[in-house]
Amino acid sequence: MNIYLDAIVVLLTFVGLLFFHGTTVGILRFPDFYTRMHAAGKGDTLSTMLILFGFAAYQLHHPSTATLLVAGKIIFIAVLVFIASPTATHAIMDAGYESEIGAWSAKDGFVSSCLIRKEKGE
Amino acid sequence: MEQIPFLEATPLLAVMASLVAVPLIALSGNRPNLREFWTFLAGGVKLFLVLSMASWILAGHTHTYELWQILPGISLTFVVDGFGMLFALVASSLWILTSIYSIGYMRALDEHAQTRYFCFFAVSLSATLGVAFSGNLLTLYLFYEMLSLSTYPLVTHHQDEEARSGGRKYLTYLLSTSIGLALPAMLITYSITGTLDFNSMGVFGEGVSKGVLVALLLMFVFGFSKAGMMPFHSWLPGAMVAPTPVSALLHAVAVVKVGVFSIGRILTGIFGIDLMASQDLNTIVCIIASFTVLVSSLIALSQDNLKRRLAFSTVGQLSYIILGIGLATKLGVEGGMTHIAMHAFGKITLFFCAGAIFVATGKQYISQMVGIGRRMPITMFAFFVGSLSVIGLPPAGGLISKLMMVRGALEADMAWVLAVYLVSSFLNAAYFLPIVYKAYFCTEEEALFENKVQEAPLCCWLPPAITATISVVLFFYPSIFLGFAQVMMIGR
Amino acid sequence: MDTYFILLGTALILHMFLTLIRVIKGPTVIDRLIGVNIIGTKSTLLIIIIGTALHRVDMFIDIALTYALLNFIVSLAAARFFQRKRTAGLVMEKEVKS
Amino acid sequence: MIQSQLPILIIVMPLLMALVIFLLGHKNEGLCFYLHVLGMAGLFAAALGILDQVVTSGTAIHYYLGGWPAPYGIELVIDHLNSMVIAMVAAVTLLVAFYSRQTVPAEVPMRTEHEKVPLRVRNYYVLYNLLVAGLLGLTATGDAFNLYVLLEIATLSTYGLLALGRGRAYYATFKYLIMGTIGASFYLLGVGYLFIMTGSLNMADLFTLLDTAFMQQSMSITIAFAMILVGVWVKMAFFPFHGWLPNAYTVASTTSSCLIAPLMTKVSVYVMIRLMFSVFSAQYVFEILGWQKIVVPMAAAAILFGSISALGQKNLKRMLTYIVVAEVGYMVGGAWLGNVNGYTGAVYHILADGMMTLCVFMAIGAVSYKTGDASLESMRGIFRKMPVTSVVFLVGAFAMIGIPPTCGFFSKWYLVTGAYEAGQWLFLGALLASSLINAIIFFRIIETGYFPDFNKAHGHGHHTDKTVVAEAPLSMLVPMVITASSLVLIGLFSKDIINNLIRHSVPPGLF
Amino acid sequence: MADFIQALLGHYNNWAFILLLMIGFYAMIAKNNLIKKVIGMSIFQTAIILFYVSMAVKKNSTIPILDHGHGAVEHAIDVAAYASPLPHVLMLTAIVVGVATLGVALAIIQKIHRTYDTIEEDEIMEIIAQ
Amino acid sequence: MKVIAALFSIVLGVVLLVAANDLPIWGDPESPVSVHLSSYFIEHSVEQTSVPNFVTAVLADYRGYDTMFETAVIFCAGITVMTILRRSHRLRKKNVPPRPVREGQDIIICSAARLIVPMMQLFALYVLAHGHHSPGGGFQGGVIFGASFILLALAYDLKTVLSRLKEKTMMLVSGLGVLVYAGIGVLCLFLGGNFLDYSRLASILQVTEIEARSHGILGVEVGVALTVTCIMLSLYADLASGGEMDEGL
Amino acid sequence: MFGFVTFLLMFVLWIVMSGQFDLFHLSLGVISCAIVARMSGDLLFQDRQTDFRTRFGQAWRFAHFTLWLLWQIITANLYILQLALTTRKMVEVLDPHIFSFKSHLKTPFAQFVLANAITLTPGTVTIRIVDGVFTVHAITGQAAGDLEQLDNIQDINEMERRVAAVFEPEILQNTGGDK
């Protein structure tokens, strides 16, 4: 039982870590703000949630009211991250868009903020 | 213990008498007669209180009244002894005369802010008596500073540019020396001895090095710069911008004499005559004083402004007194103390006269006074008597004290001091007598005055007449003041 | 298992340091904000890992939750602030091009 | 019951009053002043009560907060030293409370129809009360860390009070804030080193724990002491940490400067003395460290620097602030002379300087209230226009110069004596020089106030232009006159103050 | 000297706080931008907080909250098992004080910005000097 | 200037390094900090206050006096900032740089906030109520509660929040919080104990003295939380809107 | 009613968080939940028209949706991982661009869910919603394709359809229903 549980825990957390790795490399490698946001938005949310789920599972080692409640709380945090993280991503994205940060395009390299403004229809 | 014939608190009351009058004077500002009544009442009360103690003191007693312990071992204490009494008597009696004179002077010239003037006059008198009756150095210092500050509005009474610069000089000198020299000297004395009470044996016991003593001596002598010892004298001529009654009282009596009195007190009460003599401190004092005497007399010769000439004369005469006390012999000290009174009556006469001339003619310069004696005979006669007293010629009181100091010099085996006295007396004569001569004995053409010039108002010529008379009286009855001085030196 | 968690924590910290490079490099303020936000989220995890390692996770869970909430609010506030300012991107653009 | 609770009452009363004013003043802003005066009067009574209690019993009062015994809980210790400071603070705050009646509404605008929620007068009084609570609390406390907290509340409310001034107030306050934080942080750091070495925060406990050879040789303890010193020096604007003070106090509003200038530096000096002798010991400070060789000359430098800088100022308030800097040098130097006279002078000067700073600041405040500015020119002819104010200023000036029988003379007396005994000639010279410079400074003002404008009225004799007397309102005059008289009274009763209070607080180890 | 270096190495925990302290102190004094000064101030305070909190550390101890799992209420409490609570308490206070100061500082900077239209110290000084 | 500052910093660092020389070894269980007072608190706080969280016991009881002033510090900062930033109507007209207005509401953030805020507030109250048993208490709870309002203000705008929690109420409650704290202290005083001696509350609460201390702690924590909540929001409102109280960030 | 439901939800949350089931702490919980319900009861349920039966249905469908979404998120992360760790140049793998589309969803909550779903799913991130118009950033043309392909207002994309199925099934009927 414990071995399986541990395996689940390790699996969840390790996959989480892997996605986090992707996120990290992504925000370092991707060429512009917008693409980095992709890495940050998706990777951060899932990796955090997975690791949290892993710890919630770990609580089931000694099942009792107390540990179950702790697991519940960890799940609660995961839910929170699920709501909050994309929202934060959106907020940051919107701020960058509003600030007219230059975008990268495969054809032209960096597109200046003027073009962003044009796209915004201003 | 004999019962004292006056109230325990009489010294305090005497000090306070004029202070109490201040609010009364201030409140009756718009009724000049009432205001002056208060001044006279306070003056009378003050003089009465001082006199009430005179016989007791003359009998060889001293009276101590401790008011308030202010620091550990130091109280606000009043001690009435011969020296203090002598000074108090001079100050309080001359106040009344000056008040009469002030009324004449101020009203004749329609001066502004008369109420303020009389208020601060009264405060100054309190401070002066406070100094006279101080039982210790701290009390003395307190009243000394009070006097400096309360005379400032008097000195700068005119409130013009000249008054401002004169007043500035006045306070700068007085405050800087008292804070910068006298105060630390006092503190060091206190640190060494643990007391500041005056004691005829001195407070320094054995074992205080001569270097410290000399340093303290110099700090004290220059610290109380009201005495005008050179090089801290130049405030005095500058302060002559004051109205004449102020110059008269304050610069013939109150302020400068307070300086001299303080130094005298310190020499006799803090150092002690014996210590002075044994440590040769007296020589130092004598050298400083002699220098001042001679130099100031020479400067006086060159002054054309009458009040300035009087001022430099005062500087010299003050040093006479210091010189006398500095001799540290019985006769020298007695003479010095007595000279406070003698010079006071003589010099105040001269100032009164200068003021009277100003009131009557508006003239301030000696060169403009040729022939004035014919127009203002009483005034100029009083002037003549006053100058006799200051020079030290009979029949005026100044001679008596000067003679005593001369004898003191001999007693102290300091013959060179004799020469100083003689030379300076000669110089005195040289700067006073020509004024008198030109006032009376010029030819008709030389006289600068027209016939319509008359004597100043009664209030202006009467006081000099009285003080001149007293100067003469003092020649015949010097013991009025000499007695107090002798009381101080009983047993020597 | 404790060892694994410590290794996990170390790996997380390592990645957080990598993310820090983005925070330092920028080039725009908002780029930095991405990194900060991620580091904040991962700190929540780190708190839980520490709690687990100390066997007091019941105590650390509240701290983690608080941290997650505050991190969200801080990111949001920063984003809102720069959105309002509108200049955050422009200032840095020259650097980007050069 | 109330007797035994006095130590906490003096702290909680202003705190509660701050809240009461905050809550009740919301509807009726006019009420604030009355509540405030009421609170301050009660506070003053309590302070006197506690002073009486200390003098009568002759021992320190210990008050255990929460009922917890000394090193575990926080205790208040009120002894001869701080009962005097408490009384001084209470007196100053009461006087300024009266004084503030007209100045606060004038300088801190009341709520108007259009304003959303300024209520600045109410907030002003709230901050005022918090400042008082902080000051009294840090004076009364016997706990080194509690002192930090209360120091911070006092400073924080000071920022608020100062920032309500005009013109450059914000920038000056900002600099003050940075310096104040540095000071507080250094203090905290110092306490941290004490704590890590001893594990304690209670002052008496620290004193005992530090009294071992190991601790006295410890470099950490030495550096803790240095940190604490630097911290309080910054707070009290001791040269060369004074930079923030002149700007901050100059631009402050009248009431704020009247309140803060006399209290903040003085209480900081008290803190220094308290820590020097109640946490460390005279023996440690003077014999083992022997830093008086550096600190006393620094104090002399502070005095000279402050005085000379003051000499060059045209703005009177600014000039006074430099004098405050110089006065800090007096007290620090006195405390560091290492003898009874120096200590006495320093402690007495806390009281004396508190009152005389208040006096001159109030007088200058009254002048600027009437004339609109505080330049030297605003004093022109002030003796006629505002006779009472002028006299008050005069008394304050005399005290600053050190003319007997004002209190300034007596503090100088002890300081000079102490300096002489300690052979600190530089300090002695600085004391005298500063008296002289003060004389020049104040005399210049007095002269300006006494003489009319020569450009307008020429010659002597008749001044036809009768200046109309335009005296400050009674709410300002009364506290001013009381303050001025207190300067003389403190001077005349100096012996009693010293014998009954200061001499009892002399730490062991001073000779 | 060797002893001294030994001692320094033995107190490696102090390095972090000293380094932060130096950074904060430098920023507070040297930075021209008022906001950066304030940030320096926060770093400075944080360094001190770190110093205090590091005191609380005990080897092999846990957070200063009684562990119910060990049934400690019945038995005597093992002092060595818990970190010292006092430094934490003190720093809670210090943090609050720091935040309060920070708030006031930011408010003042806003006002300065409104008055002088800049938060660069030298520019403010220039404006004041005029 | 920079060189001098750097020099000072280095001197400071060196001095502190030197001081570190004779400090106890890090983590030493025998160090004075671990032994002298702290061990007393660890050993006795449960039996004396029945609070298992030593930090809370020390914070709110043994050193409750500190904490009261700490609350006052927050309160003080709140009104200081408010007083500094609010301008008179006259001044407000001129001299205000126009700020770009945010158009409309951001549906995403608003919706997220609506979900999170109630949970956050409940969590805040939980943190406040469980300060005795877990890391929490008045400050922490207050901060979270205040932050929940800030979140709302970030999502919508300041006006929305201030229409839910009137500014007047907010400020009054912030004062009330300190008053609750000091009031409990004074109450103890009236019940015959020293200031903040919660054991005296036993007679009112009808519990043992030890439990009375525990309840007293909760009482003051509530006061702290009230003040912290309101001042958090107030600070945000003032700072974010420059005293205009309109939009916030 | 909404207040009471909020209270109940909060109390469940309290139970999870508290872990103390004595009367004292439970009553503290009741007080706390009451406070939250009073202060923020209006926040949790934005529109008050929908009755609770409908809401239960929505919740059920939403759970299903979440499962699908989770899978999408995982693919998204795998995609990111692949992009991040690729050895090819970014020019070859990325082709980012920004586009907009008008959503059919009416309620803010549905729009919120859609926006966050877009953000979490592969290749796209929502930048903003203004008056129902979503501005989206796509990392490659392919990723965008799914959302962007439709110019026809009558049409609806996959993601929006799923969200609509949870919250606003009536839209699907109007636009031609499930494909």
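Letters A, B, C, D, E, F and G mark the chains as written, and numbering starts fresh at 1 in each.
We take it that a contact is a pair of C-beta atoms (placed from the backbone, for glycine too) under 8 Å apart; a residue touches a chain by one contact, two chains touch by 3 or more.
Please read these numbers as outputs of a predicted model, since none were measured by experiment.
Q: If each step moves to a chain the current one touches, what is the fewest number of steps from subunit C to subunit D?
A: 2
Q: Return the chains common to the contact lists of subunit A and subunit D.
A: The common neighbours are F.
Q: Which chain has its C-alpha centre closest to the mean of all protein C-alpha atoms shown?
A: D
Q: Just give me the whole-number Å value for how far the CA centre of subunit C lies from that of subunit E.
A: Centre separation, subunit C to subunit E: 20 Å.
Q: Quick one: subunit B and subunit E, Cα centre-to-centre, how many Å?
A: Computed from C-alpha means, the inter-chain centre distance equals 70 Å.
Q: Starting from the mean Cα coordinates of subunit C and subunit F, work out the distance between those two points in Å.
A: The separation of the two C-alpha centroids amounts to 24 Å.
Q: Hey, what residues on subunit B touch two or more of the other chains?
A: Where subunit B is concerned, no single residue meets two or more other chains.
Q: Counting only residues that touch at least two other chains, what does the list for subunit G look like?
A: 13, 17, 19, 115-116, 126, 128
Q: Return the residues of subunit C touching two or more other chains; collapse runs of consecutive numbers into ranges.
A: Expected reply: 58-59, 62, 65, 69, 72, 76, 80, 83, 85-86.
Q: Per the touch rule above, enumerate the chain pairs that touch, sorted by label.
A: Every pair of chains meeting the touch criterion: A-C, A-F, A-G, B-D, C-E, C-F, D-E, D-F, E-F, F-G.
Q: Residue numbers of subunit E touching subunit D in their complex, please.
A: Against subunit D, subunit E makes touches at 21, 25, 28, 34, 37, 41, 44-45, 48, 51-52, 55, 86-87, 90, 93-94, 97, 100-101, 104-105, 108-109, 111-112, 115-116, 124, 128.
Q: Where on subunit C does subunit E make contact in their complex?
A: Against subunit E, subunit C makes touches at 54-56, 59.
Q: Touching subunit F in the complex: which residues of subunit G?
A: 6, 10, 13-14, 17-18, 20, 25, 28-29, 32-33, 35-36, 39-41, 43-44, 46, 108-109, 111-112, 115-116, 126, 128-131
Q: Which subunit A residues qualify as touching subunit F in the complex?
A: 76, 80, 83-84, 87, 90-91, 94
Q: With touch defined as at the start, can you tell me which subunit D residues reach subunit F in the complex?
A: Residues 1, 5, 8, 12, 15-16, 18-19, 22-23, 26, 63-68, 71-74, 109, 112, 114-118, 120, 123-124, 126-127, 130, 133-134, 137, 145-146, 149-150, 152-153, 156-157, 159-160, 163-164, 170, 193, 195-201, 209, 218-220, 222-224, 226.
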